[in-house]
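Order of writing sets the chain letters: A, B, C, D, E and F. Residues in each chain are counted from 1.
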């Protein structure tokens, strides 16, 4: 997606300037993984014009493998307009993503066996199946092929209430998709909204309760026997500038609650969840202990809140430094 | 439309900045007329979100009467991306205007009798009927109502080869629309492309021939007996920075060729044709002589080439100063 | 007034850039009310040059009724230079507003009966009568006419120690003006400085005492029997970035203390008081309960601290969302 | 003066940004001379606030001797707003310089004997005496003292039709001032407007006639027997972007016409005349031949047209390179 | 190299902003070729810090194969500071490239047999051997290996008078290097300065003489029997804004003189020569006729003058459109 | 040094813009002192190009005496690249300062007797002797001459772990240099790293212990009998945005601990230590009581954290206002 943000804390169109970058769930994860030094291939469809080419150039610059991207003549790229909130004023997103090439791409357009060849892990989010019936179909094709190829599948539920307009409900689609996932990533409300598994967690209260998540995780594990890990991010939103950020990870036999980061001067929280997903994938592929994977993921996504743009522009060394306890912010020279 | 331009002479996405303003054929004419001190009402549909509101704010700021604008929930505004050319490199426009609220507005949505009440002149361009079948229908409703209300109708043919994708050809639609016009405005190739009336004029050659336009005008006048004036702008495009700019005006009995302006350091030529149309409307309503109306229109649109953005931000005094011969560019202090 | 601000937290002239917008007490209130969907007419005098025209364009864009603005040939607009503070470094304003057209406008220049025709409420601030003897005279003419027309009059005392240079003291002038007000708005020190009614409140201490304000309000009510409401904003200034913000409203029989907002990352606090006044006017005209009017006003002005520029660019829906308790700052998408 | 310019070719307030620099006749000359390596002292009055301090900092940075500047508490600095023209659209200046500290400085405020001690040359322009009666008085005090101290006096007539509002005419004041000048600098129309000495030169025509200037120079020399040199700049204004630039120098016995520079892509022509004056002062103090002084002055001021801001940021080496014929614009590396 | 340019036409450090991009001879050629859709591998050494990584990201984004780039701990990247000239004021480059990692890389550091594996063409410029003795040594190793691998070698002589400080002269080194080249590229003065082959061509005169180049080409061909083509670019520098641009190509049996482009509004001419080299390499590999290769190269580099930055951000389609005659600059929409 | 910073909180090269200013230990102190109204002469070497000239212009603008600066043909200025951290992400500095003219300046190049003539105080930092053996030599020459001239010498130990690469250790050099100092300034870890005097203080912990500093101060005083004062700044780094800031001052007989400032929204903390040093020098020269000197220094450097750039752009009045307790950040108008 093309992201068009008003500068600083200005409201949309308060000045005549928009900051134009690219972003979006799976792209953010791919960039994060490439930044961490992993091989990451990104599958999508882009319009065959200067906008699609600019997006390609940015992703390729980060080292993402773009060989699987399909270019479509005459289409458009989804856009989202963003203004950054402050204090009690929330950040605001206006979507203009209908009729994008990825939304209109017919099922069967991607040869997933070829596109996924040589890969060991597939990551998908709940945003793609939310944008159109055909995109949901493609998402299903992807996870089915991945399982056929013995790949690990992770799914970030990522519920967006303003999408899901094409006739099917989130629960209907995501329940099926989740049946192919080895690792599930969710935030405080995703399981409820996407899978219909409830817990007494009010998003607005700002108070989070690990016990409730434990109950949710048990229910998910019971329903989906192939799931190995469920990770839940816990955002305590004090204001648009101040969030506390932590997560918990549930395995079949174990459960971990991460350190909590107090983030009082948020630079940009969009993409925070994606940076967590990328951190978790990196961590589960790198560290011996799930606890370390979780701590890496939380530290990585904690740092994301201090970085402009959708992408998490940090290195493994920077994440590990924080993960090991140095969050003092002292000048590095 | 939302206009997103890369700064200066940069190619699109060469920097992370886009300049966001609003524009589009009829809007540009309305703003020009309001700048000239005329009452101008603009009829369109806008999405009911921050983007539509920002557009409304801008138009209203210029003094355009926005009371007839319809707001549509959930829709989108058309977008065009622009990069400014230089020397032999042409400026480039990428349209992302499909599925805009105006394109999707059903025929009959606007009560034109009410919307046009109290107005004496209706101006329409060939862009609106080019974007969708329903927009073409609405355009026809507008001109028919205008004639019923004894209003003068002007039509800027404004052929755009990358529009007209919905099934009907430009000639098919514009031939009918032209049947309601009192004043026709066209550039070197519009009559040919929109009305199928040919003349030996090659756009690329940069050499323009008034005789050919005379022949075209005669043919148009013969075919459309209600037409009172045909104005043709003549752009001699030496490079992206240097155009020579003039126009001719054909009446039933008379013909005028304007002064020619040598514009060697173009700031922004988008909206040049619209500023001519507005100048002509102002002129025909203000001056006793058609020749003066033509000279006002050419001077106004000549000045437009020195002004950023779609809108022609000039006053009557500035246009008349140039029209009367002072093009020396001496500092005014 | 033309507001010229150095970008970000830079000191004045630290870079070669100034951000140019418009603002000023009554203008800010008018824009706020128009944003809230009320009809708002703004009365002032502007210089008849590009600066005055730009100001007009901005106000009209917001939907403010500008039909009553007087244009003066050859005059100047007042200017204020602003730099934003941070932490212990305060924001700084340099006024260059002497000899502005509004300051030099002779008494009697405005036909207030005509200018106020059809209006139900007049709002005035203590800044206008502070800039010149003639402006004070005009302010008196305005309130007298308003009362004659049975309008409600509100007055924001708004004491500015660097104004009041023309010979009369604030107390002298404001005491008379207050005699025509139905609603009085003040901050912690205004009553003392503008009306000479004292209370033990030290502005610098950062600790505010509602009891003291109760005592002040009683004294004001006693002295001015026509006054129906006195609203006092309470700014607890911890640093240039962190203010706590609340207010109290005193009626003849009742008293309300609002919620307090903790604003730790101020974007721009200039115009905060004006946004409170506008919120209160909106609230008193909209809600059944004074308490609701107060809470709306405090929430509206609390949000203002998160918005650049003098104007409070928020909608009723946004204010009511905060007023009803959602200050979590969660991304709206 | 504080110079506030809209960026690029934008009209004033088209964007929310103004570029803030400092400038003004005598200041520009002083900076130019300092850039050329001469000792230059600048005498003026500035307001004792952040604006005056910023101006001081800029001038001192260029190496101008600022020890003679007077700071006045509570005053204001003159401002001019500038937009850059293009093609047939002229650049535009809006003055807001009334009631500045220099305009209001009483005669006798400067001890010129002390302020000019150790200096050999006094330069003054026709702008200072145009702003107020007291400034005209101070200007006279300055030239009288300079002559008493046996300094050379140069005067740039610099007629501005929008100044001279305080009761005296330009001719009245400038005729007396010119009686103390050794060197007079003028443009095509200055002698006529400032001294009432006429010649058949129309500024608007763009065609310049050296013979007419010869006649003017003879008349001036006849009237003012102490005058040694008269320099007249000849600007042929083809458009706001394209001026041809040359000058002639008349001595008692001789006359020189300079090379003519074709400047087709003007960056900023404000300050062009001041840069000529500085070049001439440098040249007459440096070169043996008046012809060389003239060529240096024309080359220096020709270069000024390629430089943003009032100041001529060029070195002697750069001017001499052009003066000796290298105007090819080849990259220097 | 890191390129730090003052914005617009500002002199260096006139504002507090520098535009930071990357560039440099061979990098520019590689980016151009990648833009044209060819596979292009770039060999260099970069410092292993954020600056080197940013350069890598940019090159990789353009699709350049960066697998052969060597990262060096603790080193620095060469920098050049650039200000853009205008009219008679030339653009200016300040080099800060001593002690860069590429300048200090010891001979033998690159395994050229491996680095060049699979490539068919090696391009080198005269800048690399100019920066240090070791870089000259590496350049020689490169061309020798290329010839061993039966690759075609092209060499852009690219004489820079401010380099060549390490003890050897340009002629000494370039004479040897040229002995391995199949294609030589030069500007008007390169052959003289780099190879000592003289012709009566004065760079400053702005008049160019094809006959002189023919004589030079004959001499080069006679001295270097392996050379197949010599291409000479002809820049007629009228001013910093206006250059005429053409080239000639000499084969063993034939000679071609290209169309000449009149470029009157230069946006950025740095990298013009590199874009010619890339165009020629593309052309000689693509078209049947050398004449076409030459015309492609001149059109491509002509377009470069209209594009900001070192890189020539144009497509083959854009170049071919101009090459086939459409230089009218009409808006593409 | 030239300081190149990415805008706002962006990572280096995240946008194509760098903010270019100047700074560096001793320069920052000199500018601070000049801002406080003291006479300050700055001794250094600069390259004789536009970069050196720009630096000179900036320093001279602040009123620093630049008469002692040496210009070196052909050299380079040291550069540091800076990105601003946020929350747990630290600010980052990349040095590119090797081979700068000051690093390569041979011992004996400065006639210190002449350069220091008329001065009463010499301030030096531990950065200069860290960059090269010759710079260390020059530093020693400076302090020896200063003592010979009976000047007071202050030394800010300023340990930088990434410098000190030329063969000698910090302890080796600084131990000797300290032998000439009357006043020593250090941060929490400097004494340990520069002088080898240890205390149980961990920088990362964020908890500071005055007792430990007392012990360190005693040891320093014991070893260096000429030392009169040791000042230690205490930075409690909670995050990149939030530091608590205080200091203590040890005399031979006395000890003072300053107020502590809670700085929760850091704008720029680079130069904080230098602003403390300048404040202490000003204070010891101005106030009767060492305690006041300390409080002035802490307040001055506390304010520095709210100001962009290396320099502390504050006045004595602003510092004294904070020093006397007003840190409420209320708008000054």
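Note that in this section a contact is a pair of C-beta atoms (placed from the backbone, for glycine too) under 8 Å apart; a residue touches a chain by one contact, two chains touch by 3 or more.
Quantities reported herein were computed from a predicted structural model and do not represent experimental measurements.
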Shortest path length from subunit B to subunit E (each step joins two touching chains): 1
Comparison of A-F and A-D by number of C-beta pairs in contact, larger one: A-F
Duplicate of the B-E contact set - from D-E, C-E or A-E, the pair where over half of the pairs recur: D-E
CA centroid of subunit A to CA centroid of subunit B, Å: 44
Interface hub residues of subunit E, defined as touching at least two other chains: 8, 11, 16, 57, 92, 264-265
Chain contact graph, described as a line, ring, star, complete graph or other shape: complete
Subunit F residues touching subunit B - in the complex, by the definition given at the top: 15-16
Subunit A contact footprint on subunit C (complex, rising order): 8, 261, 263-267, 302-303, 305-309, 313-314, 318, 322, 325-333
List of subunit C residues in touch with subunit D within their complex: 4, 11-13, 16-21, 49-51, 54, 57, 76, 79, 81, 83, 92, 94, 96, 98-99
Residues on subunit E engaged by subunit D in the complex (per definition of touch): 8-11, 14, 80, 85-93, 95, 160, 162, 203-204, 206, 237-242, 264-265, 269-270
Residue ranges of subunit A in contact with subunit E within the complex: 57-58, 60-63
